[in-house]
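The first chain written gets the first letter, and so on, giving A, B, C and D; residue counts start at 1 in each chain.
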Amino acid sequence: MIPLSWYLIFAAALFCIGLFGVMARKNAVAILMGVELMLNAVNINLLAFWRYLYAPDFAGWTFVAIVLVAAAAETAVGLALIISVYRRRSTVVVDDLSLMKG
Amino acid sequence: MTIQQVFFLAVAAITLFAAVMVVSTRRIMHAALWLILALFGVAVSFALLETGFFAVVQVVVYIGAIAILIIFAVMLTRQVFLDVGPQLNRGWWIPAVLVAGLYAALVGVLSTWSGFQTQAAALPEAASDLSQFGLALVDVNAYAVPFEVASVLLLGALVGAIFVASDRKGVER
Amino acid sequence: MDWLYIGVFMLVAAFLPAAAITAAGFLAPKKPNKVKSSTYECGIETVGESWVQFKAQYYIFGLIFLIFDVELVLLFPWAVAYNKLTLFGIFEAVLFVLILLAGLIYAWRKGDLEWI
Amino acid sequence: MTFWNDPVNFIGQWLQSVLVSWGVAPDVAQIILLVLGAGILGVLGLVWVIFLIWYERKIIGRMQDRLGPNRVGPWGLFQPFADMFKIFTKEYITPDGADVVPYNLAPVLAVAGTLMIWGVIPFASTIFGADISVGVLFIIAAGAIGELGILFAGWGSNNKYALLGAFRSVAQLISYEIPMVITLLIPVMFSGSLSLQTIVQSQSLWYVLLAPVPALIFLITQIAEVGRAPFDLIEAESEIVAGFNIEYSGLKFGMFFVAEFLHAFTAALLFAVFFLGGWRGPFAEQFPLLGFVYLWIKTFAVYWFTVMIRGTVPRFRIDQMMDINWKMLTPLALVMVLVTAVVHALVRPIGSPVVSLVALLVANLVMLVITLQFIRNSARARRRPMVAPSTVVVARPEPQPTQSNPE
């Protein structure tokens, strides 16, 4: 049988890869993809903890459902912002988007 | 090693490889394709956790909706389409080192935790009963508030995103 | 066991068409040439890159779809529990759906449901 | 257990005993049987398409005052085989600049997304692939895989028409998925389960009687999901030449057609399962094969109806199609869920199925009348501005008398 540790290590690795994507990517859409990976890692953790420690209680499931809702809202608004910015500035490279630099 | 363990390792390896490709591949469209594979791997790992509901929901929401939306957005922002030039920031090795350090710290902290090697107990019958989850979702003493707040949050996201995305008076190209 | 079957069946469902396509690949002739493998565009030379930009309309439909999809996923456990619910629990879901409808009506009033 | 009572499980147990007697471990024997069962079901599903193509060509032919295929074999029954052998020997043409992996993955995903559904459909009380507890959601997920196939095809082909067609298709498919999912809530509510087998078993009264309007919405959305006329904007030949599959040839192209025919039949199958009681019928519990026959009869009735629609109704314009979905079907489906939930909950304490049947029927009828009135009003409102400009005199050039008639 699979011990809890495997899931945690797997989720941690996925989270770190996503975080790297968020920090290192230039393209705003790619940054959002990194965020998706991180949220997925969180969901794996939540479900693994639920499965191994808190099984019959549905708190874990509710958490996962709320994370899904948050992910959907974040993607929708984030991509809408990216598209809107692209229309005005014709770029989605985050470094070029600093308003302060003008 | 049991068959289940081998299967888990294979799924995890594929998922992590896909995730690495998501953050490193040059063409943003291919990154989206790899993202779909990674999301599917996560869905399989949910099924391994005996939460079939979320395994299927993962496919419906993430692959069926979010991934398609991301692909739409990639195509709408055309200028990065062929993706010439490096896709990573110049100092990309700094986050790489940071992330590697974070990973080591996470695993280190986790391995000192007493529950790290917990084995799965048999899943109680009530835990796979979706109607119990449904009852809990509308029970005022349980999760009725998150349930309603979720709908308000989604309404806010819908209104906000439509407002932002459809600025007809904005600069049309 | 059921999930194992589902997994196997998904693999089979992907394998069968792939196998058929591969088998036909062995039977079929392979004589590509420049004209044959050019992009089909009513006989006119392709202008510009094919991966053209699209209007935001597609994105807005995808957006509304995503929001509805997530909400419906939350409604399914409620529907499963429907027979055990009190009237109060049902009205909670009614409120949930009404909030959803409000979003749809907003998009409608804003004119984003028109195909332009 | 005799053979005729339960043939599939009978053969399964017999095979297992044979395998065990050969010295195979029982667990391994079970897995072998499982793979075998999945393989057989998949192959049958795909072979069934060959028959469907013949059936549909025959019906459409009759509707258009033709005979349909009638040369190869009795009643032209072998015509699809001839077509199949022909398409097997066609050359694959991969366009220049195609994105090879998505391009080749697309037809596979398109077929897999439909075939996957067969794994959870209960064909009879004992004949089914797997009875998972989230079957309804699994069907929706399979639809998502099919959409992905179309998007891959459009992207991979390196063709403007293909990409435009793919975008249109996906916009149509995801739009119509919303009312479909909403109406699926109603069988789930009545039966209290997401498992298809339980949904079928709880239909002592067909759900089409309890929820006729949602059943109708489900049927319309299913036709749209398949992308058949009148919703065939996916491959509107006159507008975007063929849609997302323009750059495909040979069997790769054929696979999209296999997916379409299989999906059309699967849609009818799903309607029969969700709203027409699936395999239920007299003596179906005792003789599963009889249940299978019932399911097939119901499915063919629905399938015939969709083919009739395909043959008679003209294609919608894309804006009309989107209007039908977002301004009629989606709000109506949402309201129907609310009305059904509240009405059913109110009459439930009475405890009489006849009362709830009548109450739900009346509620459905009232909603239908209100909807029709809305449509009439909006149609009238839309017609008015169309009348006004026609009073303005427009200077038209006189039709030139033709010099010579080419005929």
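Basically, contacts are C-beta pairs under 8 Å (C-beta built on N, C-alpha and C of every residue); 3 or more make two chains touch, one makes a residue touch a chain.
As the structure is a computational prediction, the values presented were derived from the model and not from experiment.
S.K.: When the mean CA coordinate of each chain is compared with the mean CA coordinate of the whole protein, which chain is closest?
M.R.: If one averages C-alpha positions chain by chain, the most central is C.
S.K.: Using the touch rule from the top, work out which pair, A-C or B-D, shares more C-beta pairs.
M.R.: B-D
S.K.: Just the number, please: Cα centre separation of chain A and chain C in whole Å.
M.R.: Inter-chain centre distance comes to 21 Å.
S.K.: Quick check: how many Å separate the C-alpha centres of chain B and chain D?
M.R.: Result: the chain centres lie 29 Å from each other.
S.K.: How many angstrom lie between the CA centroids of chain A and chain D, rounded to a whole number?
M.R.: 34
S.K.: Could you work out how far the Cα centre of chain B sits from that of chain C, in whole Å?
M.R.: Centre-to-centre distance between chain B and chain C: 18 Å.
S.K.: Where in chain D do residues touch two or more other chains at once?
M.R.: 132, 137-138, 155, 163, 167, 170, 174, 177, 192, 194
S.K.: Please output the residue numbers of chain A that touch at least 2 other chains, ranges allowed.
M.R.: 65, 68-69, 72-73, 75-76, 79-80, 83, 87
S.K.: Which residues of chain C are in contact with two or more other chains?
M.R.: 3, 51-52, 54, 56, 58-59, 62-67, 69-70, 73-74, 76, 79-85, 93, 100
S.K.: What is the complete set of touching chain pairs?
M.R.: A-B, A-C, B-C, B-D, C-D
S.K.: Under the stated contact criterion, what part of chain D meets chain B in this complex?
M.R.: 99, 101-102, 132-134, 137-138, 140-141, 143-145, 147-148, 151-152, 155, 163, 167, 170, 174, 177, 192, 194
S.K.: Touching chain D in the complex: which residues of chain B?
M.R.: Checking each residue of chain B against chain D gives 29, 33, 36, 52-53, 56-57, 59-60, 63-65, 67-68, 71-72, 75, 128, 130-131.
S.K.: Contact residues on chain C for chain D in the complex?
M.R.: 1-6, 8-10, 12-14, 16-18, 20-21, 23-25, 27-32, 36-42, 46, 50-52, 54, 58, 61-62, 64-65, 68-69, 72-73, 75-76, 79-85, 87, 90, 93-94, 97-98, 100-101, 104, 108, 113-115
S.K.: Would you pull the chain B residues touching chain A in the complex into a rising list?
M.R.: That would be residues 2, 4-5, 8, 12, 15-16, 19-20, 22-23, 28, 31-32, 35, 38-39, 42, 45-46, 48-51, 53-54, 57-58, 61-62, 65-66, 69-70, 72-74, 76-77, 79-80, 83, 86-89, 92, 95-96, 98-100, 102-103, 106-107, 110-111, 115-121, 123-124, 126-127, 132-133, 136-137, 142-143, 146, 150, 153-154, 156-158, 160-162, 164-165, 167, 170-173 of chain B.
S.K.: Along chain C, where are the residues that touch chain B in the complex?
M.R.: Those in contact with chain B are residues 3, 7, 49, 51-56, 58-60, 62-67, 69-71, 73-74, 76-85, 88-89, 92-93, 95-96, 99-100, 102-103, 106-107, 110, 112.
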